[in-house]
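In C-alpha cells below, several structures.
In the two assemblies presented below, chain A is common to both, partnered first by chain B and then by chain C.
What follows is the complex of A and B.
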C-alpha cells in the first residue's frame, strides 16, 4: 500500500494545481500571446514597432529611466530593509510581532491612497517642507515631487515589505553565536557585518533585490503620480500608447519587451538559487 | 394566503425583471460625471424606466478592445470630440440615429454622423491669488513668462487640443493663423518653460495643484476652476484667448442597448439636459435652446459668454492629425 501512495499523491497534486494553471493559461498566457501578435501585425505586419522602440533615442531614454529608477529603488530598499530584518530577527518575540504587524499593515493599505498621501506630504506646501522651514533648516521649499526624489521615496516605501520578508527568512536562520565567534576572533563590528553577516544573508538579499527590481520595472501608479515626465518609465509609455493613442501594436511591443526582460531576470534568479542550494 | 404570497412573489419577480433593463454610461468621473448623472441619467431613468449604471473613466484602448472582441459593455461614452471623429472614421462607433436625437437645435460645430457634443469647455489661464499678490497674470504670454510670474505651471498631460495652441498664441501667432499647427514652433516655445511644468492627468489633480500652490499658475478646464471657486477657494481666471474644445457622446459599435443609448443621448442633448448640466458643471451647453432656460447670472460664468476673446480649436484638424501630434507630444515630454 505505501508504495502506491506516492505516485497517486503526485498525480492529485497536479490536479490541485490545474485550476490555477487553467486560469493563468486563459487570462495570462493567451492574452500575452495575442498582445505579441498585435505588436507584430499592427499597423502592418512586420517588426517595425520593435525597430521604432529600440531605434529611437527617446524610447532608449525611457528604457534607461526604467532600469535606472528600478536600480536606485532596489539599492535603497536593500540598505533600509537589512537593518529592519536584522532587528526583527533579534527582537524578543512579542516586539518582533508588533514591528512585523506594522510592516504588513502598510502593505494592506490601498496603493493609490498611499501614493496620494505621499503627494500631500511631499509637495511644496506639504507637511515635510513646512516642518523643515518652520525649524529654519531651509528657506525655500525643497522640490520633492514630480521628480526622481518623489518616485524613489514613494516606491521604496511600497517595496520595503517585499525586501524585508525574504531577508528575514534568511537572517532568522543565522545563529547569532556566529557573530560572537567573529568578535572573539577579533573582528570589529564592521568586519563582522561585511565578512560574516552579509555573506550569510546574501541569498535573501539577492532574492529580495530581484523581486523588488522586477516589480519596480513595471510600476505605473507611483511613478506617474510622484514623478515627472523627465523620468518617465516604460509602464507610462505603454499607457500612453494604449489609452491615448490607441496604438495596441506599439503598446504591445513595449509590454512584450518588458516581459522578456523580466523573464530573463527571473531565469537569473532561478539559476542563482539552484546553485545556492547545491552548494 | 399561500396563493396570495405566491402571486405577490411572482408579481414582484415580474416587476423586477421589467425594470431591470440597464445601460452603462461611461465618463471621466469626479464632479463632471456627478453632474451628468444628475442632469441626464436621472431624468432619463424616470422617463424610460431604463436604469443607468455609471462607469469610468473613459479609456480609448478599452473601447477599441471591446469593439474588436464583440463584447461591448459601455453603451454611451463621453469622449474627447477629436477622438470621436477619428474613431467614427475607423468604424469603432455606431452611427447616431437622428430620428431619435433632434439635431435641429444642436450647435453645428458639435454634430457629426457618429458623435454629438456632450458639452464644450474652454482651457483658461488660472492662478492662485495668494502666490501673485501684486501683478496679475492676464495673457497666455504671461503663462509662459517665468521671469514675470515665477513658479511651477501646470498643463494637461495628454495629447489633446489646447496646450499646443496656447504655446503658439503665447508666441505671437494670430488665432486665425493657428492651423495647420506649427509643431516645431510650439515645442520650441514649450521648451522655454519645460523645467517648470508639472503635468496634470485629471481634473481633480489640476485643482489640487492649484489650490495647494504646488503649481500657482496653469492652464485648466474652466469647469474645474468654477468648482474650486464654488468651494470657497480663491481663484484667478483670465478668459483672454480661452481655447474651446468639446467632449462628445458616442455609442461603441456593437452595443446591445442601441435603442436605449440613442434615447439617452437625446435626453442628454435636450435643451433642459444641457442647461441643467451646464449650471452644475460650469461647462457650456451645445443645445442652442438651453440659454433661455438658464439663470442669466450662471450663464455669464460659462465659456459661451466669452466668445469675443475665444479661440476655437480645430477639432477636425486634430482628428486627422491626432496620432502624428500625439507621438511627437509624448516623445517631447520624455526627452
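What follows is the complex of A and C.
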C-alpha cells in the first residue's frame, strides 16, 4: 500500500511518545546514570571501587559463581528445551495445546511460589531427599539448598519456558520438505538430526541460550533464596552493598559491570541473530 | 521425516517421554504446593498425615496478609491503567508516527525489560530516597510502571500494526475528528490487544518482587514482599496457602487471556 491517504490529518505523532519518554528519562535513565556516577565518586573520586571489585578473591568467587551458574543453567536448559520444542512443533494439535498450557502455567505462576516449592522439595527433610533415601540410593540426606546445586535446579525450572518458546518459533518455520529431502537422499535419522535439523535450528538455539544466560546473570530472587549468603551471585552483591552496607560506590560499580556485560551480550544478539529471524 | 510426527518411528516415544518428564517437572512442584496448603503438617511432610483448612484460616486471620494483598491489587490496577494509557500513546507514535528514529525509540522503550531488575531497583531506590517516594504508593506505581510498560508497548504495537490505518482515515474523511477516529474506530479495532496489555501489566505488577523489596516500608508492602520476608524466616505452610491462591489467580487470568484470543480469532 502507498503512504496512507491522509497523512496531514495526523501530524508527525512524536508528541504521543512524550509521556512515556519523560517517564523513562526521569525514573529510569537518570537514576541509573546517577547510580553509575556514584561508583566513580564515592567514597572519593577515582576508580578504586573497580580496582577492589576486580582485584579481590572474595569478589572473584562471586563472579565465578555468577558466570558458572548462568553457564550450567543455560546448557541444561538447551538440552531439555530442544527436544521439547521439536516435539511441540510436530505434536498433534490437542496434545501440543496441553503441553503448551503447562509451560505457560509454569511461566506465569508467581516466581516466589515456584521458588518456595523448590525450597520445600529440596530441604534436608524434603520429599526429594526422602525419596532418594527410600529408594536406597543415599544413606544421608544430600545438601541440596543453600548451595549452587539448589540455585541451578531452581533456575533451570524458571528459565525453561524462556528457552522453549523462542526455539519453538524457529523450528516451526523450518520447512518439513527439507528433512524429507534429507531422508530421500539416504540420510539416517541421526544424520538428519545432526546435519540438517540442528544446524537449521542453530540461530534459535543460540539466541535462546544467550537470552537465558543474560537473564541468569542478573537474577536475584532465586539465587538468594536457594543459594544462601555463602554462595552469593552478582545481583545479590549489588543489593547487599546498597541495602545492608550502604556502600553506594561499590554497589554502583558492581551494577555497572553487570550492565556492561548484559548490554554487551544483548548487542551481540541483535547483531548476529535477530536479522536472520526477522525474515 | 524428523518434522513429521507419524513418520518418526521409535524416536517418537523418546521425544514423548522427554516431554512428559518435562511437563511433570514443571507441573508437580506447583501441585505439590497446592497439596501442602491443605495438609495438616506444619513441617510440610508429604504426603500429609491429614487434611485441613487451618493455614487458610491463619492467612485470612492475619490483617497484614490481607493488607498486603489489597496494596498489591491497588498498585496493580493503577499500573494497569497507566501502562495501557502510556503504552497506547507510545505505540501510536511508533506505528503511525512519521518522525525519524522510530526504531531507536522502540529499542529505548524496551530497555527496562532487558536490564536486570536489580539494577533498576537499586537506582530507583537511590532516587526515591532523595524524593521521599520509598514506601509510598506513587513510588510502587512508578517502579512497576517502568517494568510493565515495555510489555504493554510490545502487545499494543503488535495490535496496531495489524489494524489498517486506512479505516481510521476513512472515519476522518467522513467527518470525525482525529481523536474521535482514534477513540471510536481504532481503539475498538484493537481492543483484544488492549485487554492483553492490561492483563500483562497487572500480572507484572502483581507478581513483581525485586523492585518492591527495595520500595517497601514496614507500613506499606505488597503481597510478594510479605511472602519474601516470611520465606526468609521459615517455610510455614501459610505461604503454601498464599501461593495456592496466587496459582488460582494465574489460572483464572490465563483462561481470561485464552478467551480473549479465542474471541479475536472468531
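As a convention for this text, the second predicted complex is superposed on the first by the 245 of 279 C-alpha atoms of A that agree within 3 Å, B and C clash if a C-alpha of one lies under 4 Å from a C-alpha of the other, contacts with A are read in each partner's own complex, and residues count from 1 in each chain.
Heads up, the rule we're going with is that a contact is a pair of C-beta atoms (placed from the backbone, for glycine too) under 8 Å apart; a residue touches a chain by one contact, two chains touch by 3 or more.
All of these numbers come straight from a predicted model, not from anything done at the bench.
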Simultaneous placement of chain C and chain B on chain A, clash or fit: clash
Touching partner for A:144 - first (chain B), second (chain C), both, neither: neither
Residue contacts with chain A in the superposition, chain B compared against chain C: C
Chain B versus chain C as contact partner of A:123, first or second or both or neither: both
Which of chain B and chain C A:17 touches, first, second, both or neither: second
Partner chain in contact with A:174 - chain B first, chain C second, else both or neither: second
Touched partner set for A:163, first chain B, second chain C, both or neither: neither
Chain B versus chain C as contact partner of A:31, first or second or both or neither: second
First, second, both or neither for A:102, with chain B first and chain C second: second
218-226, 236-244 or 254-262: stretch of chain C that collides with chain B: 218-226
Common ground on chain A, meaning residues reached by chain C in one complex and by chain B in the other: 119, 123, 125-126, 242-243, 248, 251
Chain B-touching residues of chain A, taken from the complex the two chains share: 56, 58-59, 61-62, 119, 123-126, 145-146, 224, 228-230, 232, 237, 240, 242-248, 251
Residue ranges of chain B touching chain A (in the complex, touch as defined): 59-61, 64-65, 87, 152, 157-159, 198-199, 201, 208, 212-214, 322-323, 326-327, 330-331, 333-335
Interface residues, chain C side, partner chain A - complex: 1-5, 8-9, 11, 14-16, 18-19, 22-23, 25-27, 29-30, 32-33, 36, 43-44, 46, 86-87, 89-90, 92-94, 96-99, 105, 108-109, 111-112, 114-127, 142-143, 145-146, 149, 153, 165-166, 169, 172-173, 178, 203, 207, 209-210, 214, 224, 227-228, 231-232, 235, 239-240, 242-243, 246-247, 250-251, 253-254
Residues on chain A engaged by chain C in the complex (per definition of touch): 1, 4-7, 9-17, 19-21, 23-24, 27-28, 30-32, 34-35, 38, 80, 83-84, 86-92, 99, 101-106, 108-121, 123, 125-127, 157, 160, 171, 174, 176, 179-180, 182-183, 189, 192-193, 196-197, 214, 217-221, 225, 235, 238-239, 242-243, 248, 251, 255, 258-259, 262-263, 266
